[in-house]
Amino acid sequence: MTTTSFFLYVFLGIVVCFSYFHLSNLALDFFSQKNSNNFLKKSVLRPYIFIAPAVIILVIFILYPVVETLRLSFFNKTGFEFVGIKNYIWAAKDPEFKRAILNNLGWLLVVPTLSAFFGLVIAYLADRLWWGTIAKSIIFMPMAISFVGAGVIWKFVYDYRGPGDDQIGFLNAVVVSLGFEPQAWMTIPIWNNLFLMAIMIWIQTGLAMVIFSAALRGIPKEMIEAARIDGASEFKIFTSIIIPYLEKTILVIWTIITILVLKIFDIILAMTNGQWNTEVLANLMYDWMFRGGGDSGRGSLMAIVIMIGVIPIMIWNIRRHKEDEKS
Amino acid sequence: MNKNILTKITIHLLLLLFVVVWVLPTFGLFVSSFRDKDLLATSGWWTTFKTNEVNEIYRTKTFEDQIEENGKFFIKGNLLDKNSRKKIISYGISSKEMNKYKVNEKAILKNKTQIEISENGEYQWKSEVPFKHKRGKRIFITALSPPKFTLENYKEVLFKEGVGQAFLNTLTVAIPSTIIPLIICSFFAYALSWMKFRGRDTLFALIVASLVVPLQMCLIPLLSIYNDVGALFNIGAKSYPGVWMAHTGFGLASTTFLLRNFIKSLPSEMIEAARVDGATHYDIFLRIIIPLSVPAFASVFILQFLWVWNDLLVGLIFLDQVPSEIILTAKLRELLGSRGENWEILTTGAFVSMTVPLFIFFALQRYFIRGLVAGSVKG
Amino acid sequence: MQKLFLSKGGKMKFFKIILMVAIANLFALSNAISGNYKGPDLSGEKVVISGPWLAPQDEQFRKVIKAFTDATGATVEYGGSDSFEQQIIIDVKAGSPPNLAIFPQPGLAANVAALGGLTPLGNDMKNWVLKNYAAGQSWVDLGTYPDKNGKKDFFGFFYRVNVKSLVWYSPDNFSDNGYTVPKTMEELISLTEKMASDGNTPWCIGLGSGDATGWPATDWMEDIMLRTHKPAVYDQWVTNEMPFNDKRVIEAMDFFGSFAKNDKYVSGGSKAVATTDFRDSPKGLFSSPPKCMMHRQASFIPAFFPEGVKAGQDYDFFYFPSYSTKDLGNPVLGGGTLFAITKDSKATREFLNYLGHPQSNEIWMAIDGSGFLNPNKLIDLSKHSSDTFRGLNQILLNATTFRFDGSDLMPGAIGAGSFWTGMVDYTSGKSAKEVADKIQASWDAIK
């Protein structure tokens, strides 16, 4: 990839896309002026010109794969032979699968809750200080970093050297300076899951924070002032006025992060690859799909399980939007 | 009053604590990427500004380099690099006794020969009889190494490790993958907001549902389609246009969703008035909607761009992992595997991969946040 | 439509055969006149190769490639991936593979062959290997797998093999402490004890390897199996005729554990074993003070030694010894990478021919510390960068009792899956019985 071909590629891609819309609309205008019969009446046809590319892409990139995955989950590992619910029966008995489900539940419980909690606290604190904007920028920064980049950053934090050697991982350095033995953090069952979750929380707190920060501005100042005059403590104001007021926002943030967590993959792959009981569904799926010859049946099954986990949120999302449309 | 000040201080301290915890991991990486690689592997980044004590092994020259002076035989040289600012404090000639001799102290070996080493690394090895050794003698030194910053790591990573090339590849992936969905989705979002056609509500419900479909499950079926299409035109299935389409597909739902929220919120009177004047929807879109939607476009652009830039999976599956196509995140992952704990390469590579997102983030933070907020609260 | 394509394919095949014969002749000729490789003009042709080689091997391989592109005018692109094992399956399943795939294990190649992803190399190539590779029959057997229809064919051409049964050490560290190279397993065990009681750490062991974490321990297991039981038992183990949780396997695992799970015997303590990268662990031999005295690893490991260390001066190797009391001879365990065609083309075939040419071997051999070995009898051993590697290659060329890396022969789901993860679990604290049961269960699950 040279610089010239880079510009050529980029230019070409964008021109092709834009000319579709422009030319098709011009063509429609041209024909509808010439020919004023009903069928070509522009207002009937034009919406389809507008939506066609998006709908085609949606069908190819989202709908078809979902259906295909569902089909594959009932087939054997090569995808040629129908095996009914054999894969599902296998999964019900597989300890690794159970482990992954359990871990995913742990992630679902801890990460959205803590991210939302820290996000709210930071937003609340930052909005009251002169240097709050800077603080918010810094907290928000991890959002801009890739999961792989975050993996490197945190691998460096969790690095382990044998006792007696100089530690280069920050966490172990702290532990050693307090007089304890250094630990290989990634290998301690249960705790290692929490250390991995910390990475996700580190990333997602920023998201929660900015959304809360916007929502906090919507709280009527008078309400808080009134409470202050009544002598309510800061903590009291926070728990009995602000939190109830933000109920809906909390729910929204919780869903966004929940969806992200259900699909958590890159962090596990980069940090432990599912070893030491840190397996999660998306990584297990990748494993079955591609490792050691691959088993598209079992891999697809995992994908379907993730999908099933998402469905309640999906339905809730659609409902919420229907209500919004009405109001 | 007193209580108020106390609360204020607590708030300052609490927020400061959060900020420190959040920034420390990235800061450590940043500092490390400028450190000398030997120091990086043996001491924590927080010791960067300190003088560190290091243990190293060097070898003397062999018998071939001996010189004869007054019937005595000498081997002379300098253990350290020319530009090294290290200062030797002690040394040894066996792995068992690494610190046996102070600097400038004479070491007398079993065969009666004498070694003397000075602080700057110069050494002299004296013998009564000619030297015969073919393998240089190992010298273990303990030295003070002053703080040292270097751009060497960046040079290495950008040019030797192919990260520079990967950077360009990622740009080639990211720019069209951001602009194409923006064009397609803005039309789509307009149609969903202001045009009447059959199935509009179902289509919108579909978009909302697609927001949560796990990306991983789409990959294999998609690549098979790609291959069939590629075979039809006799081209490889993995190509840049293929990745653009994939990113367009995966970003479609969220981009449409955000843009629709914005376009729908524009005053309907304006659009109806234009309709009455006889403008087509296409005219309205070009003349009214686009100029008004620039801030929304900016938000969506940033979100999609960051998402594409940081993506690993799509780039891993829809592009060949060869130097001319590999993207930054995949390259970084490869380094993570092949360079185990060569932290100078990892930290620098990671930092290079972050430059663009961080730049965009700090320059356009306002739009970024607006996009995120629009996608959640308003909807 | 279908028919038309078929007939076209048939014609193509005919031409291909003619071409192959022509190339084979040319090839035979070029071997007769030893010296530099001279290929046909392939300007405009492109060969895409993907494999598991990363830095520093990828650069070394690109040097090998360069001589080919210079001679033929073809373009050759090599891409290395840490997750090659997954990547090649993705590519083959989706039908968009590279031209050549470099398989680190025959087991994985067999999987891909069963998916219908490999193109047979043909009889000429097979005969060539039989004639020109030391122990040629075993290399042909290792490259022969059933295809999609269950028909066996020759698919894999071995290039760059390694000897595994080696222990690396620093001669200076040994002489500083008065240690001598052990000749028998009994001596090795007592040397280990002596080192620990002297306050030294005997071993550096690291199992980390990205997605493939755990494999170095499987090599230990195989070497131990070959030293405690007859080769026939080893073969039964590899094919699962003898279950994985057999008493003999569990004993072998615990023997490995007697080194790896003893905090005094391994650098960083047993906790560090699974988390240390295999590429980093040998660096302990060269640190000041030394973190360990010995490192058991295959012949390719010097590529990961610190910059500037020299074979024979800073490091040397000895054969991982066998028991003097057990009459099992001196078995050699080895492994190797093989090339297979995943998308056929004229230039692809020619590239394989080139890999058989001594020049492609000698370029790599000459790179200092590259650890390149091959059983190719045509190569000139004097081209090796040092005596150390000449000695290693000689072991390979003389091999009679040779066994291939067992985990590479097991089905991918075991040999590149549960065996790896099992060994990580074992070093992280699980019992040998527990781990062996789990691996056997995963083997049962794929039967």
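For clarity, chains are labelled A, B and C in written order, and residue numbers in each chain start from 1.
Just so it is clear, a contact is a pair of C-beta atoms (placed from the backbone, for glycine too) under 8 Å apart; a residue touches a chain by one contact, two chains touch by 3 or more.
This structure is a prediction, so every number in the text was calculated from the model and none was measured.
Asks: Chains as vertices, touching pairs as edges: which of line, ring, star, complete or other describes this one?
Replies: complete
Asks: Among the chains, which is located farthest from subunit B on the basis of C-alpha centroids?
Replies: Max centre-to-centre separation from subunit B belongs to C.
Asks: Going by the contact definition up top, give me the pair of chains with the most C-beta pairs touching.
Replies: A-B
Asks: When the centre of a chain is set as the mean of its C-alpha atoms, what distance in Å lies between subunit A and subunit C?
Replies: Their C-alpha centroids are separated by 39 Å.
Asks: Quick one: subunit B and subunit C, Cα centre-to-centre, how many Å?
Replies: Distance between chain centres: 32 Å.
Asks: Measuring centre to centre with CA averages, how many angstrom lie between subunit A and subunit B?
Replies: Here the centre of subunit B sits 20 Å away from the centre of subunit A.
Asks: What parts of subunit B, by residue number, touch at least two of the other chains?
Replies: Each of 219-220, 324-325, 333, 336, 341 in subunit B touches at least two other chains.
Asks: Hunt down the residues of subunit C that sit against at least two other chains at once, touch-wise.
Replies: Residues 83, 87, 90, 93, 210-211 of subunit C each touch two or more of the other chains.
Asks: Taking each residue of subunit A in turn, which ones touch at least two of the other chains?
Replies: Residue numbers touching two or more other chains: 286, 289, 296.
Asks: Touching residues of subunit C toward subunit B in the complex: what are they?
Replies: Within the complex, subunit C touches subunit B at residues 48, 50, 54-55, 77-83, 87, 90, 93-96, 98, 172-173, 176-177, 208-211, 277-280, 286-290, 313.
Asks: What part of subunit C is in contact with subunit A in the complex they form?
Replies: So the residues of subunit C in touch with subunit A come to 83, 85-87, 89-90, 93, 108, 111-112, 114-115, 210-211, 213, 267-269, 271-272, 274-275, 291, 411-417, 421, 424-425, 428, 445.
Asks: So in the complex, the part of subunit A that touches subunit B is made up of which residues?
Replies: On the subunit A side, the touching residues are 1, 3, 6, 9-10, 13-14, 17-18, 21, 25, 28-29, 42-43, 46-48, 50-51, 53-55, 57-58, 60-66, 68-69, 72, 118, 121-122, 125-126, 128-129, 132, 135, 137-149, 151-157, 159, 166-170, 173, 202, 205, 207, 210-211, 214-215, 234, 249, 252-253, 256, 259, 262-263, 265-266, 270, 282, 285-286, 289, 296, 299-300, 303-304, 306-307, 310, 313-314, 317-318, 321, 324.
Asks: Considering only the defined contacts, which subunit B positions touch subunit C in the complex?
Replies: Residues 55-57, 59, 94-96, 98, 135-136, 138, 140, 161, 219-220, 223-224, 226-228, 230-231, 236-238, 316-317, 320-326, 333-334, 336-341.
Asks: Where on subunit A is subunit C touching in the complex?
Replies: 78, 90, 160-163, 165, 183-184, 186-187, 269, 273, 275-276, 286-287, 289-296
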